[in-house]
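Common to both upcoming complexes is chain A, partnered first by chain B, then by chain C.
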Partner chain A sequence: MTSITTEVPSGAPVRTRGARRRVTPSRVLFFVSFLGLPLLLYVVIVVWPIAQAIYYSLTDWRGLGAAPEFIGLANYARLFQDPTFLKALTNNLILMVALPTVVIVLAFALAILVTVGGSTRGEIRGVRGANFFRMVSFFPYVIPAVVVGILFAFIYSPNGGLLNGTLGLIGLDPGIAWLGDPNFALIAVGLAVVWNLLGFYMVLFVAAIHSVPAEIVEAARLDGCGRLRLSVQVILPMIRENVSTAAVYMGIVALDMFVYIQVMTPNGGTAKSTEVISRYLYQTAFFDSRFGLASAMGVVLALVTMLMAVIVLFGFRRKDV
Partner chain B sequence: MATTSPDSQSATTAAPTRDGAGASGRREGRARSRASGGDRTFGVLANVVLTLWALLVILPLLWTFYSSFKNSREILLSPFSLPEKLNVDNFVNAWTEAGIGRFFGNTLIVVGGALLLVMLLGAMCAYVLARYTFPGRQLIYYGLIAGLTFPLFLAVVPLFFVLESMGLRNTYLGLILAYAGFALPFTVFFLYAFFRQLPEEIAEAAAIDGAGDFRTFFQVMVPMALPGLASVTIFNFLGLWNQFLLPVVLNTDQSKFVLAQGLANMQAQQGYQSDWGAMFAAVTITILPVLVVYAFFQRQLQGGVGRSTNK
Partner chain C sequence: MDDSTDPTILDTPAEKLGASRRLFLGLAGAGAGVAALSACAAGGGSSEEDDGEAGIGTGEGEVSEDNPFGVSGEQPVDVVIFNGGYGDQYAKDAGTKYEELYPDADVKVSSTVNIQPDLQPRFIGGNPPDLFDNSGAQSMNAGALVGEGSVAELDPLIEAASLDGGTIKDSLIPGSLDAGIYSGKLYALNYVYTVYAVWLSRKQFEEKGWTLPVTWDDVMTIGEAAKAEGIALFPWGGQNASNYYRELALSMAIKEGGVDVQKKLDRLEPDAFEQDSVIAAYAAIEDAVKAGYFLSGGAGIKHTEAQAQWVTGKAVMYPSGSWIENEQKGITPEDYEMVGVPTPQLSTGGAMPAEAIHGTAGEPFFVPSDAANGPGGLEFLRVMLSREQAQNFSKITSSPTVLKDTIPEDAFGSTALASTNEMITAAGENTFHINHRDWYGLGPDTVTLWTEFLSGDLTADEAREREQSMIDAVREDDSIEKFDVPE
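The block that comes next holds the complex of A and B.
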């Protein structure tokens, strides 16, 4: 397995010999093109706009015509008194807790079933057809989120939708418009996301479980450890790092949600029941032209995202000690 | 599907030993037979749950696929019935009238261009960062990695005006640059690791043979890094094909819509003119190519998941 770390490994081969350090015109051209071009793109497209957004969030900027006026933290004060923004923030926070929890629990359970679910005596082995299950599970992940949104809009539709149709087969058609009903809409959208992404995390966990040393699993089995205990008390702690990575990825998805919400419940759903910050930001900027206010929402979203990542990574790392 | 899977490779050698151990003592033997009863239940449970999940994945897709041959009336009245006749009108409508064909072409241009650009720039940048020492190297590396943690939403409002001021809004080039810019941190992050692992001796040999920096990169290093480049390309392809916020904000000219945008737009208009059949057909048209690509590349994809996240 290739190990990828964020630190620069100190022992890795790096050219340091004097002969290679000579500055020649060709070498200058090499550095300018190989380092300069990518960094130019990165600064113009990513860094500069982010820096501008932070500045605009402190202004009342409303478009190209008027010059932005500095108003300090007024946008932020305004956001936290705006009921729609608070609703959006609440929805994001609910999703941020619920989505990673549901996805990780289900993905881990499926990964365990695939890797240690084989019905054999004694030794642990994967279920028959494990490759088939893995392949099918991963497939939704490669379907674009927009298409998943549309697909689930079909499924949840009160007119000829798959869900009510299936419930109708057993005489239980509730006639509910799942995406239109404020009680169900957020859950319905969340389940579509679970369907879309579950397979990715399952495959991630399957790979992690395979990297658990076989001797440890053996030893636990010899000690009379059942498969449930083996999974939760032996395997789970050993793949803790993958679980924390998964939690951060899913948390980022839950704090975004733009595509799913925009496609399944345009305008944030009935009575703003599925409003999220990303969609509200989009509307505030590109329909209401309140660019300063929208930038402030972006900053809040970025801060929440980073806080979440730090808490998850720090929380999981601490148990290593 | 009953082939021996790599999943079963874990612990085959220990079985005989354990049988011997089990036979040697009654207490241990009893414990083992109780465990194997539980194991059987676990095995049955595993198959039932996995089969249910597989059906949850497959059935909606199958339903979409055959519904795309039905007309809107059939879809609304009897959601489960098979189409009365195989009628491809929906596909024709979706491809031409709804403009899916055009959106498809636009997506190929934008995603293809961005993929080429980001892989080239990403590989160049990762190579220099991984194999040369110079002042500010770490700063640049961490500056790029930081880009992975900022949400797109933070940048998207000013980016709109940046492209506007360069006259690149509603152009293919503008979209390509934006796609490539935001895919760059991910690309550099993963390729950096690949370039660091390449053996130093070969680069040295190339230098002794008189190859300059450019030739060493394009003719020696890139071919050696091909496996890494391939898997990053696949993941970038999926990410860019999936991109939605950037085109929605930066590309409001309907003739330049990408597929994701066009589909969302079509869906938004469903309330007024409900051609459900064409909608199902459009979804099928989008899913089928992905299914084919997936069938070919699923080994690399799943291998990539393991490789990129196993620490």
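The block that comes next holds the complex of A and C.
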């Protein structure tokens, strides 16, 4: 990041600070409309609900008219003794590590292939047909998560599903009900997410790689740098910021997962093998009508998400930048 | 009920039925207090102390034998119907009949899938309809309606003379009013009757020379015969409906041990799942799992796929509610001849006869207490509760109403409806219903548990222990309102 210049261009007319601060109707209007309104909206529709949720998490509110009773941290104590919640939290943490890792590694590899993966002679370019691959791999991203969930439920179906059918063609049909088997269900759902989102991160990385100055890449090549080394040791450090942003986004997806889980394993899977906090929260609030407890889950999820974002963003930051 | 077009997030018809009742009861408990419900469950009859605050007075018309509510012939009547799985034609037909009785009345029958968004403002504005069908995913808070006195008591309705002679009360299936009784008073008239049974193809049974099962041993014999032909006995949707088999197991246990078994379960007693008949029922299911009678792959699919496997001949029988024929319309082969048989007996010496059924009523109709034409609303219900209209409903929807003996021998060509009707008639007073799953929201947890059990990952004893600890947790949790179960 370059520091922002604060110098006034020498040719521009010099103004005193007092003149800048003069209150005129148009300035007031400007601040009210550009600062006041958004701030008001932000407070009303973001800050206030969050504050409410935190408050409700300390009560036994059931989502009905009756006034909630303040019960301190009892909801939180209850959550951390609830095996289903702990299972959900564990699953979320597993996904939080696994999903960004898999997606970023694959997306980066694909992005490299379509940008600098081509012939090492002549101009730097991607593999043959790079444009086509780039376009096609973006397709899954435009499919809504709900549809992806439904499609993959069919693919994983033990009765003539595409996966078991394909394995059957090579004589390997294991007869596994992928989404119903506690050993595979979470992986199966995770792979659907990877398929869905991979294209987006690839496009993100492609754009980032294009912004890497061509001279640097060419210089590295002239110095005898191979494609693998070029991508890992030259390009990757230069797009670090994009990678960390991608990691945060994917981390948030992994901590949410509601749509995928709800569609593919509606009750949190056999033996709660695919339970995640968001789905359990939904059940607690809207089926069991325990809004206080559900709010506590929401607060825990929010804290985990923030912690993840902070760690990733600080972890990727380097002193020399 | 057509699931594919239903916008509800609940997956199976059983869940929908359960959720509506759970909401109903949960809100009733919160609104009117638990005592109200305990009294409610104690049954009707004690309406002497009723001061008529929520009642509907007689109308401006002259009260007579033919017009028990004093309906004014000139006043319009406004009815709102939930346009769900049963459509709205049956109500329009009832409206036509109402017009025949009161030619000067302007009858307006409208329908919607959004009961709550459409009607809540009308209640707040003081112009609610005269009668409405509080059903579907977006139904109104029934408990709040009752608690706030927004809906009228229907005791006058069931005491009134039926269009066919006798009182309406006497024309109903025993126990069918229970779901609409609060604090001993009737507020909702549940119009549709649901029987939980084991469903199968009579044609298949005739072709294979199997007899319809009465006991669990019969079921297992058929399972063995089916296995020999490469067919599974039971299909199952492990993702969202494996607890249909929980219903089967508990119903078998209740038929074996009597209604006390059900009461212990509904009271969440510490030894509810240690009762002999429950042990026997879970062991019976385990035998079927071990014998490989459950269709493989069930753990990974939903009820829709499982039911499609069943009607296309990959499995023999399926425990479900009587909505199943309507739900499978369009997939079931023409000549399938779907029929239901009552829950099998664990032994021939059970406490309840082989004919006993698990049955309950749904689709609650309310008359708002502020209705402009309350008597008209009651009268409309009286029309709906006539034999003619009940038959019309059954004909249109292949579902029984709460009116007994209204389905003709041929059941309008529906073998499933005919068998449902036979089961209801044969059962008589021998009906029961299991409440704790819906009362305490155990649906999702029983699904994931039963999928483990039916996959063979849990033994029957482990499954029972887990069920017991599930209800123990509910019982010991003071933050959950408990509903009383009458002696």
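Criterion: the second predicted complex is superposed on the first by the 266 of 321 C-alpha atoms of A that agree within 3 Å, B and C clash if a C-alpha of one lies under 4 Å from a C-alpha of the other, contacts with A are read in each partner's own complex, and residues count from 1 in each chain.
Operating definition for what follows: a contact is a pair of C-beta atoms (placed from the backbone, for glycine too) under 8 Å apart; a residue touches a chain by one contact, two chains touch by 3 or more.
Remember, it's a predicted structure, so these values are computed and weren't measured experimentally.
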Would you sort A:259 into first (chain B), second (chain C), both or neither based on which partner it touches? first
Chain B versus chain C as contact partner of A:60, first or second or both or neither: second
Go through the superposed model and pick first if A:219 touches only chain B, second if only chain C, both, or neither. neither
Which of chain B and chain C A:232 touches, first, second, both or neither: neither
Where does A:159 make contact in the superposed view: on chain B (first), on chain C (second), on both, or on neither? both
Partner touching more residues of chain A, chain B vs chain C, is chain B
With the two structures laid over each other on chain A, which partner does A:307 touch: chain B (first), chain C (second), both, or neither? neither
Of the partners chain B and chain C, which touch A:27 in the superposed model: first, second, both, neither? first
Identify the residues of chain A that lie in both the chain B contact region and the chain C contact region. 64, 153, 159, 262, 266
So, in the complex, the side of chain A touching chain C is made of residues 60, 62, 64-66, 84, 153, 156-159, 175-182, 262, 264-272, 283, 287-290
Sort out for me which residues of chain C touch chain A in the complex. 9, 11, 19, 22, 26-27, 30-31, 144, 238-240, 296-302, 305, 309, 441, 443-445, 447-449, 451-452, 455, 457, 479
